[in-house]
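Here's the structure, in structure tokens; my notes come after.
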């Protein structure tokens, strides 16, 4: 029985090695990734029972994605398997300054996008869980996925399961208009909200300092916790990140300076960290874990994180140095 | 102005290296391939002016496919470029005995499949050409592609351009029933037909020896030339191939023993060889070139052939040995 | 609750790519492998609930090995995790005729070898199982591992769980003398025995035809089933395999001709196939599945198999050909 | 008919992967590169008709180089193909601070170096062109190449084709003395000159600020445009670049901060950008395009650029960010 | 006859490519490394006759390690070869900020660790040498290795051979307590000492400025030269290093800014540089060479350095730039 | 002091991986190879003191080649190092049936080809040696190399050193006519001759059975031993080899069936085996060792062999099997 249930699509990610252009490459590195799967894996690696609700094709790519989840101990039994379907694919072109990295999606009509909302028995899927987590990507995938997201949140809400939601927006999946409409529909059900100040401005018309924005969200939706993450990008390979969380009090994290190996999945790792703290009844632990986990994720290849709890603790205790031997 | 015009889809081919399973691999080798493109490249490498009519998305994968054609000197100006579309993709899992190699298609709703028949001005595309070539895969891709195939053949027929057609059937694209119906509609327009005896039996209900089958086709459709290829498969990595061609006379080729590196595109290379002979007014040269080119293709990685005319000639003259230095 | 419980060590396998010598290579391919893990994975891929009892170090290599088991759905909860220990490692040097492939073990004092027999509560580990499976490698690893093997078999025996045992001998781990002494101690507990005729001759002094040897084993130990596998090795890359099984009747398999990609784990896949048939109450199915699974394993990279039940069925129905598309 | 004609050698470039030393590596990455080819490709990718005049051996390496040009749409019909010749090769050893990257040339007696000036019919090669472009490397390759360079410039000059010349000096090809003598001979024919202030000081004894140096060149040679590029190198992997162009007015570019993946070909991309602006009758566009194209080139692997016009425009409009998805 | 004799273990180093986690990787890059071997190679590449005293197993890994030494001209005849032994192995996980790189040792009971002190005839091994060099790692490997280290130093001392010692401490091999006890026993025999100020504080209770610490060591042990190296680590990939040496006078080096490719072996390269200066009777040359060699090592892959004397000289003369061509 | 002295060029060998065409590849595997170096390494690996006389450029490629010799214990002190020179390079394109593998040489004007005969003091180079070995490739490289070859043989002859010569002909280096003239000049100095019957027919006009041809050579030139090797090539990847040696008696070897990984250097390994037997005073041992060593070489990547004496002995004793573990 899972303590945390996440819901969303995972795709096969194909990346040209060594900063090559996609147009140029003769090979592609293969990973699996999907924001809710990434969070699920991060939690599983910290010892939390977590299940991942998704939909995959009965073919080698579908099996590969599920294998990657299972490899880290995520419960994949809620996956719905479909014949004659396709796995979502995305191509990631990594870059350096001044060229931005770039994602090319090929996820239309994927097994997940074609889900039928009534395939999911949320009462059963959520039974015994403490947290339901999803993100702004899931409802962006298809109209049906949006319906399923709403149903899942409503179900969780009714039985008192904490609803966690990352308000991330993918401009290549839907318009600002559609996203806004959907997000405003979902926010009343959300207990823990992850966002950037930019997203709050865009989708909720909330300005001001991060603290003010968090307070306004809390005021409007009676949100249990609002986590605002912030990224500085002086160059493509060098960023720094920080965050604040407004729950019962205001919590904040130190700034983490990063030499980026792979930034995808960093926000998902942050979410896992905060949820870990929440499940342990310690928001400050959540903020600190989230920050370290997001920072560590930048040093790891693939969307899915490979950290362990002792590494996170070492970072928090400042036992680091350049080389441990 | 192209002497040969080919028409069909090319896709990105993704192959796990070293006989790995698709489910298992952490990288994929990238090639472009498509049966009519393969034939076009083979002809271009022999010095023939050849253009390739296709449809590709304006994205890195679409550009990659066109680049591969252009790299060998194929004229890509007839390609129609479309925004917001996807490139067809296929995964090739290579194997050894007793497991068959396997193709997993992800080509549905590709830029090519979504073509509009009236986008192609065949009169202009075929102007000045001597041969129009396509295969049984093109009409299998979508209903519109089938219409375009028929229109192209009719156009070619009207202005006396030789229509070349490879009757190959892809069971993962359409039913036997649909294929049969389509092939019977197209065959009256075909001047040069490539097939296996099995295909003639399945789609035309023609039995008997290869020679008898070829004669029956010629009798029914007044086909200029019928090329029947034959493959023996004692093991996955060791095959042998041979062919006969019935044109004004019956021509035949020696048997080629093969150690297979990559068998995809071998039939397409054969077609190019026969068309080369035809353009040179020498059917026997066509049969011999076709056989050698198909044999050589098996030793080369990717669907697209990399042979040169001097290598073909050396094979024909028996100047080979195990190592040239 | 697992239907099948396997017990043994798995190691990190390091293989130079492309037939390079170990002394020469600048990179090593990484796999995990261990005969009882291989069998567990093969069963899990057929949908059987299977758990793997083992012992691993708390370090990245130990985690990697467990991940590989979990990836395929094997229950890894029975693994005992130990600090300050090492993972067994073995180097595989692949070759072609006339040079044999070669395994260099570096597994001494591994976490598994240093196991304490009383760490394992077999009553609990075997609860609800139908089959306990191990091989002649497990007791060869250390004196304690031999004690644990005996205890496990005795426990299984007492509660009526079928004991399955593969009599394979590793000359680089112990002497013939030690192996013989151990095997003769274990055989009375064995219900399903896997062996070669050579092994029966060496360890049990049983000669004659395979059928006679199987009968003699059954007579001596009242063994439920004796599976004798046979391998012909005309060259390193080309072998053929076959088997007979003597259970209530004598069952036999066709000969499978192989182009070898990686022969490690083939015997383990065979065991899984026979056990699958046994669990389905159908010895002939077991023999046939075992033969196909062993044959397919030769075409796959790594010790761990990646086949699916539909592929096995296709082989049995002869739906193969050289290329499926 | 080409709008721009470039003239020069391209070589096979062999690079150890992952910052390995050449002495150490067990594999080499293969690219084709040559300064005038690089500029030709950059222009072709912007939609300009461009031909490349060169000389290559009839062997796999010669064909590979021509393929790379053709892949991007460069017209390779002016290439002279020679038997029994060799392709120039160069080894690139990439490094980090404080060790400089290094080029080891093996280009002596290449097919290009052995060119015969009268093989080139410049009247025909330049017919219809607007720009002829070459660099200081071409005359450095051999005495005959120097003669051919002069003849080409004179021909272009006579018929009013704009002569574009990059005054780059390769110390491993010839002495300062020889270069100076040659450059002073060529400069009177040059309409668009690319240089660094250092080169103007060394070869033309012109000092002062960049603006003063450009003015002095323009005064002496009545040059249509003088482009001076400037590079700051705080470390091997982090540089910044900027430029000014003196044409009818003085134009300047912003500073581009770079995280270098591969700096070769950046100057060639700059030249293409300026020529693109010139062909569009817009010097400021040329300076801006040149700067962005040079900057983008640093993020791409190989000498040959892989950018597209939309990417250049996005940079100019500041639509970048660290990750586009 | 060797001028410098070094003593210590070398291991097979296995590194996941591309910053991958060890738990995640599917391949490992193979190098050989060991601090005293690294120093030996650095000296051999400068033309010094150097021998390396070690102990290796008669197997492919042992041979590989010796090959790597021999490849650079190190005399490997003093190696003792043992059957049925294992080579030490270590896994290096490379990282970026904020995660430290990490070494996982698997060197217990290696051929070297199991050495017998009386196997080494130091009188013979040191005959004709000017310098004996070892480090704090050698006595940490095993009790016997500690005895052998002491015996070697005593032997060298008696016959007037300069004893060089790098006081480096490996926390994963022994306790601070054990290291301290051993180091204090060895220091009286040491003529040239390499250390950090931190190590002097920890093991010798010496504080103050680097100069004061060096003076105190010299006062206590009458050490010929004390070299103190210092590293600044603003991030994992960007460090700077500097050093001072107190011999007859105080010598110092400039600060070297580094973009790190592989920092292992940098200290060993420094030692080689200082010893090179010492053998040339020029401490300042030693300091300067040491600094440049350590800096250059950071740009090279593997523990073993690949620089040449001309590259070192170019750095000293400031002839560098970002690209030499 | 070397027991065997070999003389010849070694080159950098560049091979596309995975049977790719040279025109197609994006990477090249790097090896060093040269027939006399290959033989030297084979002897060194059997424990024979062997030196290699050659000429290399002072650059990374020259050093790489020497490193590879030194790595196996070959004495490289006789190498003459030259500035401003180039290393010979050759490209190897590996294939399968029916396409032959192919060597593309780029070795013209290499450091070795430009040798000056009087640079070599043969009296000193050969001092103390028992065997001088070279092949028909060395005199083919340049006129000066031919002079040096003759001088070396004459020197060896005078002081009673056995002259060993492999009569191999490279059609891409010189004409049959030139080769014949040279070979007939050298043969009187040769004591141990390696040849095929085809070569004896072509260059010496000797027909008949192998035994008759060997006898005729011995009669004409009073050759101590004539070794005739024979290769059957049913396919590119499957060959078999055998040999006879006529010395005091006629010796012969069994037939070795081969699955070819890399056939280059097999003849050189054979020569080493025969010389090893000769140095041990046992021609039969020489024939047997030669046959096994040539056979084993086919299973190893690169021109340079990596076998050990125990592997050779195991083959001779028939202890092989498909997998040793």
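Lettered A, B, C, D, E and F in written order, each chain numbered from 1.
The rule is simple: a residue touches a chain if its C-beta (ideal position, glycine included) is under 8 Å from a C-beta of that chain, and two chains touch if they have at least 3 such contacts.
On a predicted model such as this, the values are computed, not experimentally measured, just so you know.
**Student:** Can you list every chain in contact with both chain C and chain E?
**Tutor:** Chains touching both chain C and chain E: A, F.
**Student:** Treat each pair of touching chains as one step and give the shortest count from chain A to chain F.
**Tutor:** Contact-graph shortest path, chain A to chain F, evaluates to 2.
**Student:** By mean C-alpha coordinates, which chain is most distant from chain F?
**Tutor:** Relative to chain F, the chain whose C-alpha centre sits farthest away is A.
**Student:** Farthest from chain E by Cα centre, which chain is it? Let me know.
**Tutor:** Result for the farthest chain: B.
**Student:** For the chain pairs D-E and B-D, which is connected through the larger number of C-beta pairs in contact?
**Tutor:** Higher C-beta contact count between the two pairs: D-E.
**Student:** Test of understanding: which option in C-E, B-D or A-E shares over half of the contact pairs of C-F, residue numbers taken as the match?
**Tutor:** A-E
**Student:** Over half of interface residue numbers shared between chain A and chain D means same, under half means different, so which is it?
**Tutor:** Different residues, largely: of all residue numbers at this interface, under half are found in both copies.
**Student:** Using mean CA coordinates as chain centres, what's the gap between chain A and chain B in Å?
**Tutor:** About 45 Å, centre to centre.
**Student:** Counting only Cα atoms for the centres, state how far chain A is from chain C in Å.
**Tutor:** Each chain reduced to its C-alpha mean, chain A and chain C end up 40 Å apart.
**Student:** Could you grab the centroid distance between chain C and chain D? Build each centroid from C-alpha atoms only and quote it in angstrom.
**Tutor:** Centre-to-centre distance between chain C and chain D: 61 Å.
**Student:** For chain C, what residues touch not just one other chain but two or more?
**Tutor:** 17, 21, 23-24, 26, 67
**Student:** Going by the touch rule stated at the top, which chains touch which?
**Tutor:** Inter-chain contacts occur between A-B, A-C, A-D, A-E, B-C, B-D, B-F, C-E, C-F, D-E, D-F, E-F.
**Student:** Taking the touch rule as given, give the residues of chain C at its contact with chain B in the complex, in rising order.
**Tutor:** Touching chain B: residues 17, 256-261, 295-296, 298-302, 306, 311, 315, 320-325 of chain C.
**Student:** Using the touch rule from the top, collect the residues of chain D that touch chain E in their complex.
**Tutor:** Going by the criterion above, the answer is residues 18-21, 23-24, 95-103, 105, 170-172, 231, 233, 235-237, 239, 263-264.
**Student:** Report the residues of chain C in contact with chain A in the complex, numbered from low to high.
**Tutor:** 67-68, 70-73
**Student:** Show me the residue ranges of chain E that touch chain C in the complex, using the header's touch definition.
**Tutor:** Checking each residue of chain E against chain C gives 14, 17, 21-30, 59-61, 63-64, 67, 86, 89, 91, 93, 104, 106, 108-109.
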